[in-house]
Amino acid sequence: MDRDRLHIILQRLQEGGLTPEEGLTLIERETFQDIGFAKLDHQRARRKGFPEVVFAQGKRGEQLVEICRAHLEVHPRLLVTRLSEDQSALLNAELSGGHHNPVARTLSFGLEQARELGRIAVLCAGTSDLPVAEEALETARLMDNRVDLIADVGVAGIHRLFSYRERIEAARVVIVVAGMEGALPSVVGGIVAAPVIAVPTSVGYGASFGGIAALLAMLNSCAPGVTVVNIDNGFGAGFAASQINQTPPLE
Amino acid sequence: MDRDRLHIILQRLQEGGLTPEEGLTLIERETFQDIGFAKLDHQRARRKGFPEVVFAQGKRGEQLVEICRAHLEVHPRLLVTRLSEDQSALLNAELSGGHHNPVARTLSFGLEQARELGRIAVLCAGTSDLPVAEEALETARLMDNRVDLIADVGVAGIHRLFSYRERIEAARVVIVVAGMEGALPSVVGGIVAAPVIAVPTSVGYGASFGGIAALLAMLNSCAPGVTVVNIDNGFGAGFAASQINQTPPLE
Amino acid sequence: MDRDRLHIILQRLQEGGLTPEEGLTLIERETFQDIGFAKLDHQRARRKGFPEVVFAQGKRGEQLVEICRAHLEVHPRLLVTRLSEDQSALLNAELSGGHHNPVARTLSFGLEQARELGRIAVLCAGTSDLPVAEEALETARLMDNRVDLIADVGVAGIHRLFSYRERIEAARVVIVVAGMEGALPSVVGGIVAAPVIAVPTSVGYGASFGGIAALLAMLNSCAPGVTVVNIDNGFGAGFAASQINQTPPLE
Amino acid sequence: MDRDRLHIILQRLQEGGLTPEEGLTLIERETFQDIGFAKLDHQRARRKGFPEVVFAQGKRGEQLVEICRAHLEVHPRLLVTRLSEDQSALLNAELSGGHHNPVARTLSFGLEQARELGRIAVLCAGTSDLPVAEEALETARLMDNRVDLIADVGVAGIHRLFSYRERIEAARVVIVVAGMEGALPSVVGGIVAAPVIAVPTSVGYGASFGGIAALLAMLNSCAPGVTVVNIDNGFGAGFAASQINQTPPLE
Amino acid sequence: MDRDRLHIILQRLQEGGLTPEEGLTLIERETFQDIGFAKLDHQRARRKGFPEVVFAQGKRGEQLVEICRAHLEVHPRLLVTRLSEDQSALLNAELSGGHHNPVARTLSFGLEQARELGRIAVLCAGTSDLPVAEEALETARLMDNRVDLIADVGVAGIHRLFSYRERIEAARVVIVVAGMEGALPSVVGGIVAAPVIAVPTSVGYGASFGGIAALLAMLNSCAPGVTVVNIDNGFGAGFAASQINQTPPLE
Amino acid sequence: MDRDRLHIILQRLQEGGLTPEEGLTLIERETFQDIGFAKLDHQRARRKGFPEVVFAQGKRGEQLVEICRAHLEVHPRLLVTRLSEDQSALLNAELSGGHHNPVARTLSFGLEQARELGRIAVLCAGTSDLPVAEEALETARLMDNRVDLIADVGVAGIHRLFSYRERIEAARVVIVVAGMEGALPSVVGGIVAAPVIAVPTSVGYGASFGGIAALLAMLNSCAPGVTVVNIDNGFGAGFAASQINQTPPLE
Amino acid sequence: MDRDRLHIILQRLQEGGLTPEEGLTLIERETFQDIGFAKLDHQRARRKGFPEVVFAQGKRGEQLVEICRAHLEVHPRLLVTRLSEDQSALLNAELSGGHHNPVARTLSFGLEQARELGRIAVLCAGTSDLPVAEEALETARLMDNRVDLIADVGVAGIHRLFSYRERIEAARVVIVVAGMEGALPSVVGGIVAAPVIAVPTSVGYGASFGGIAALLAMLNSCAPGVTVVNIDNGFGAGFAASQINQTPPLE
Amino acid sequence: MDRDRLHIILQRLQEGGLTPEEGLTLIERETFQDIGFAKLDHQRARRKGFPEVVFAQGKRGEQLVEICRAHLEVHPRLLVTRLSEDQSALLNAELSGGHHNPVARTLSFGLEQARELGRIAVLCAGTSDLPVAEEALETARLMDNRVDLIADVGVAGIHRLFSYRERIEAARVVIVVAGMEGALPSVVGGIVAAPVIAVPTSVGYGASFGGIAALLAMLNSCAPGVTVVNIDNGFGAGFAASQINQTPPLE
């Protein structure tokens, strides 16, 4: 609840327009909507600058349809992530107007109204890292950012990376997605002046431990300015990159 | 080596001002300065927008003095981190004009010329987290940012945090430093619209495992937009926050 | 075997009502009932103040029916936990009078006789934590406690939690169920004076490691008075909360 | 800030005794006291039913004296934990009236006014676990509980434990402190009806990993109703046990 | 190759019955039989006092039949462990005379000739630990040992264990099988004078980590004389117990 | 891009055969081929002395066929690894001339042209380690090396190993593949003068943790000169062994 | 308390020689002696066949002297382990007749009366493992066993091990002590028919993790019959080996 | 013992020059020299092509002098590693002719006779990795290899690495030493055709865990042909590199 709103309530109280009991109720009630098994926090969307996200994994189909429909009644823009094939088939059948990205496993509503502000580059080390990179990309697109995907530029053939240097340096934020040894963010962080967000992926074999090897490498990066999100968390990286890309100008 | 510079060299070659051998040498040489046991990467400073940083831990006193002196001849602005008491005493005796922060264990040169752009809030959960928070703060200050430290606002007494809401919401980037269970970034991330950088600290006992408990909590934060740096890495958080705070305006 | 009972046996021996051999047998026999592959410890139920619990996971259907039937012959109150859908279908078909909670995956017998003593609040951070929260709730209900479930009050939208403050403070014991970063118990522990039992859940992605991140956070909670049970152990939390809620009055 | 207090402020506003600005200030200010590098949360003490605790580890001597003195001006009852020998010598010299327990490494002020309510039994497996057990004991004593310490009753000589059965069963809450394999809480949890709080200690060798072996054993206890605190956290166990022991009577 | 055999070969050489080349061949050849993808080490059976063991897990049915048949041609006694249901059905159809234990998942050949020497007690904490306990039991039986299984005597109802004290103390070796917190070997090790072999099982939930909690507890046992085998390794425990039980008499 | 090639371009520039713009393009372009979702790094094959490798795991059948076909158009020699049964059936149907090794799960093209240089011995401890050993073997064969497989020579029957000593000592490089306790490389490393490459496998049970036990053992080998590759990485071992075997003669 | 003793008490009760109260006292009292901060379990010594062991680590000098003196009054045989140099100097000054082994860090009393039964071989892989091996040796010696130490026979020079084959095979129990990769027990276990007890040591560097690498290797040994004790636990190995060596003859 | 030697002994036997008993003794004796607490394996030196190495860490000064002197009597070439400052001062005082490298913490004898065969490049990422790199370098030098050290070429300023490309490509084996995120071997492995040996170092902070982050990164390298040695094991890398560099020519 914001301060202005509190000020108004207090003023109305002073002016006699509210009893103290009514004031209490107003202060306590108006912050979210309780729909039974969930508390819809419409304010969070407003607070954080992003309408609604539904994490599909583990949700039953009909439940998912119901939640999405409820959200779409209030907001035209909605992102659904971690969709199984069955879930996306059902949602596409029940709800119209969504943009489905099968690699990213996302469904976006209201994408046609999204603006293309600034520029966020999304790099990934190998083709197996693409699903996570695409999730980051779809998140950023729906949040009004221009995006640029540069795939398969891992460090074992580093001249490939350098050939894209110009495009990478044109970005205001760079998301770097990598599994295995997770070395790419360190190399990129040494090249660019923009903030770098590293996303470890669970791609790997043997002692990669589902992404831990890459995660540790990124946390220990020798390049300053690299920050890290959770393993496979493309959504989180896209969200943070959007916040950074849309940082308001210094006064 | 930037593209414009390469273009000029190639042009001089074509015009006969250089032999191919001279061109080769120029391309290969001009990128850094080799001073024996270290390669001084003056370009990195220019690439990344920050003059010089010296990590003091494990360096012998005289060696440290020599490195700092060499840097200061080239750049007026220099940050030395992770200083022991002996090291800082020696540096203060040998070099004048430094700003010593004993809590942060840093020594800053050229701070008087730093501008105070935008605003970065640095929150910490407990007083034991202060050294890490202050390292972030000193880093950000020397990089031309206005900073605001809010200490001891851990989640076990959450009303303390809320009383600073206004100052927190005024920041363009928020650094949140916490040890133990590392819960503070999730709460802050749920409140503010600005990017949040979480710094786990090694403060804790028993099963905190030198900061791992806090690190895992921050990586698994339920608040979107939270990115994480390494345990106790206040410098990294300050560096990344500065990059974000000084993001150029959208055209 | 309790001391009074031992005293009686010894007295009967002295009075000649028992031979030493009979005394030995009595002392050794009367403590549990051996039914082949299991030793039914009816005394534990009496010792711990709770009739019988059957952990269904990994048991074959017919075996499960047989065990439950045997228990119900002796005690009207029985709790079956961790039921698969097949198991619950079979048990419902074979045994009448049970209360099935499909979210909690429990089946309760004798619930209609349960009293509603005191008040235990069960909070959970997200809707995915509901199965564990409901298991705690069903356990506590069958053990004669009044329960109050408050779902989806995670720390990323902390105003939702505060709107329930009155109900939370009305509880004599608070169970807090959370996955991901496990931050909720620390916040709740800072608000209430009642004992807080924290239950980490295996809900999470990437570096949550099946609940370890939440477990570590809870063990390292900065709020005093928070105790922890095993990952996903809703039954254990409900059991302990019941013990606490029914602590006899100080003399 | 409690609800009654908020009601009063709102009422005064309505009656014209306060302007809205004054109301805002009152609501925001009155919750804690800011003394520079720390925010003294006097309300927490009141909320949680315990005056003040100071964790001495890592604090400089003079700083520690100052903090304790400040606290003692406001509250006569204060607990200082994890004292080094130097720290305790200094505190004893500077402040009078404290009760020093060198095994527990605690200093208690106001202990002479403490009541002896109910009964908390503190068991420990070996003599090396005594410091943690004594910390729990001192915490509980200062919080107005009667305590009973039963030391060196580990499971490798289990008849020792059984000889104390009567005293153990007389307790309203049982704290069980153990290192190495951490088996004692399971055995005790199988015997008593009262809540059992298990405290793993870092006592052990080889693959005990500073208490992890004991911690895991306690979390996986086959006895229901056992809850766990962090490794070596005697204070936390004593605090929680006190909350439970003083649970108000059921209405 | 044993020393006596080497002596004979060298003697034959000296006597002219062998050329040096023949001697070399004899020394190098006679130690095992190469059957393509495997080297059958018939000497190991003789060295270690146990005919043959086939670990079935991961082997294809026909391959398994072939290996068993080959072994049975040479030795009448054979133990097959870790059988799937399909594998055991096939083996039972193809080979006659085997003793199948579906709980232990073993098939024993030549069991009718086994003697019943000494006495090995096999205890297990819960009914879920039975498969591992039965594997230990079948191994020991086929190795000519008398065995005594005592199931479901976990520490949470410790009077059950004590009621079997006489049978346990009658054993020359005691195998203790337990999952969860793995506390049983410590209690048993405190009671008996015979060697105790502890077997952790992967039975457990949450933070039991597939048996690691029990393994660590057993390695850290406070009772001297407890040795440990790998998680779920009933065969290894039965083998070692047989070696101990059949230790030849002191001269 | 190699130095000679750069020299030529620069020379042509000087001679007027190229404009600076054309030079730039040549330098930046000629390093790899972009085919959409992947960047084909033909230079890597040339740089590293090995044509092409396709890692099949997780790739869809048709995608796999397409990639292989594209490679085979350029290079006659190609190795496909980690093939499922479905994938290999499809590839064999669509592409002719491949050599399929079902144990190794590889498909090799151009094997008939491979030379048999030097000698690489591949040892494995048990028959379960064969898939990894065979992958190493197929890799080395296609890279023009003579190979010698010695299977089932684990340390528990060490005379088996010694009977092959002559063949092992004849090798210029030795690959040692082992799961479980991973002891074989230490024994082999103590016998031979050639470089030893150790490959841990995920074969094992209980506390082998999917190959970690073997990996740690190999990293801690007391025999000098043992280097290690990732768990189950037969390809990597074969590749490195080939590099070593074909080390050019000292001048 | 043994069964015969209980029978006698009950008989005396029946015959009127005891009142029930006296019987109770006898049953509860006679099991151990409470000397304040410790419960001396004299029965354990008798139960387990070994007089007394004092673990010196962490005990203050005077406390140690007092405990040892108390023990020696009751039993002539006593083993003190993990002695620091200061502790052993003090004990040697205060108590006469002890046998001090500075490598093993033990002090033994009553060793001159020890018999030399059977034979226990103690092998160690490197000279750094000697302290642990010697602790095992001193424990076994004081427990009436003949011992044979064979040092520095690690697997990297395996011919050294084989040259001692005869002595190793003469042992009734073999203790194998090894750090680093912990491979020695597997090799030994493949050679001998006697039980093998493996002791991992914390000797090692890098990824040996204080003995975990060796511990895992030993638990995963491919040689059957190998059992394991905790890292550096020479005492435990010596104790278990003594139990095995002195196994009574089969009737 | 080599085959030729065995053949001669057998021949002498046949010819009557030896009795079988003498033959046995010869076969068993001649393999190493027992000097009490250690077995000097002079054959290993010959087998592995390197005279003698003494690992100084944890050895007392006089003991170290004695061992080195004993070795130097037999072999003129000796390497001592992991020397403390005290140890190296003592050795330099007692033994003449050694080459002391204080950064590598090594002392080499006989270095003046070493040849400079082939070329081994040793790269390290940062100046803190120098001690490990220098240990590798000294090992390789004493083993008759030409070495080339290239320091401070970490991936965050990757142009520094590329400027040394020619020197790196001139090497027959490349050792890459790196701590923190351990990314350098992947980049180097993608550039050169020679074998790459990666050495993780314990250099790092926070979640680097004493080199585990770098170790995992290197094991998971996306560049084929990279093999790994233990954390900080410069000696092992130098040894393996020497073996590779001196691979005899293909016939």
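The chains carry the letters A, B, C, D, E, F, G and H, assigned in the order they are written, with residues numbered from 1 in each.
The definition used in the following text is that a contact is a pair of C-beta atoms (placed from the backbone, for glycine too) under 8 Å apart; a residue touches a chain by one contact, two chains touch by 3 or more.
Just so it is clear, the structure is predicted and the values come from calculations on it, not from any experiment.
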{"item": "Any chain in contact with subunit A as well as subunit G", "value": "C, D, F, H"}
{"item": "From the options B-C, A-C or E-H, the pair that copies G-H, where over half of the contact pairs coincide", "value": "A-C"}
{"item": "Most distant chain from subunit B, judged by the mean position of its C-alpha atoms", "value": "E"}
{"item": "Interface residue overlap between copies subunit A and subunit C, same or different (over half shared)", "value": "different"}
{"item": "Subunit E-subunit F separation of Cα centroids, rounded to whole Å", "value": "38"}
{"item": "Between subunit F and subunit G, centroid-to-centroid distance (C-alpha), Å", "value": "49"}
{"item": "Inter-centroid spacing, subunit G versus subunit E (mean Cα positions, whole Å)", "value": "25"}
{"item": "Separation of mean Cα positions, subunit F and subunit C [Å, integer]", "value": "54"}
{"item": "For subunit A, residues that touch 2 or more chains besides their own", "value": "44, 156-157, 190-191, 205-208, 212, 215, 219-220, 224, 230-231"}
{"item": "All touching chain pairs, where touch follows the definition stated at the start", "value": "A-B, A-C, A-D, A-F, A-H, B-C, B-D, B-F, B-H, C-D, C-E, C-G, D-E, D-G, E-F, E-G, E-H, F-G, F-H, G-H"}
{"item": "Touching residues (chain side subunit H, partner subunit A) in the complex", "value": "125-126, 154-158, 180-183, 186-187, 189-191, 204-209, 212-214, 216-223"}
{"item": "List of subunit A residues in touch with subunit C within their complex", "value": "1, 28-29, 31-32, 37-39, 41, 43-44, 58, 200, 202, 211-212, 215, 230-233"}
{"item": "Residues of subunit B defined as touching subunit A within the complex", "value": "3, 44, 47-50, 53, 117-118, 165-166, 172-173, 190-195, 197, 215, 219-220, 224-231, 235-237, 239-240, 243-250"}
{"item": "Residue ranges of subunit B in contact with subunit F within the complex", "value": "6-7, 10-11, 13-14, 16, 19-20, 23-24"}
{"item": "Subunit A partner contacts - residues on subunit C that touch it in the complex", "value": "127-128, 130, 151-153, 156-157, 159-160, 163, 205-208"}
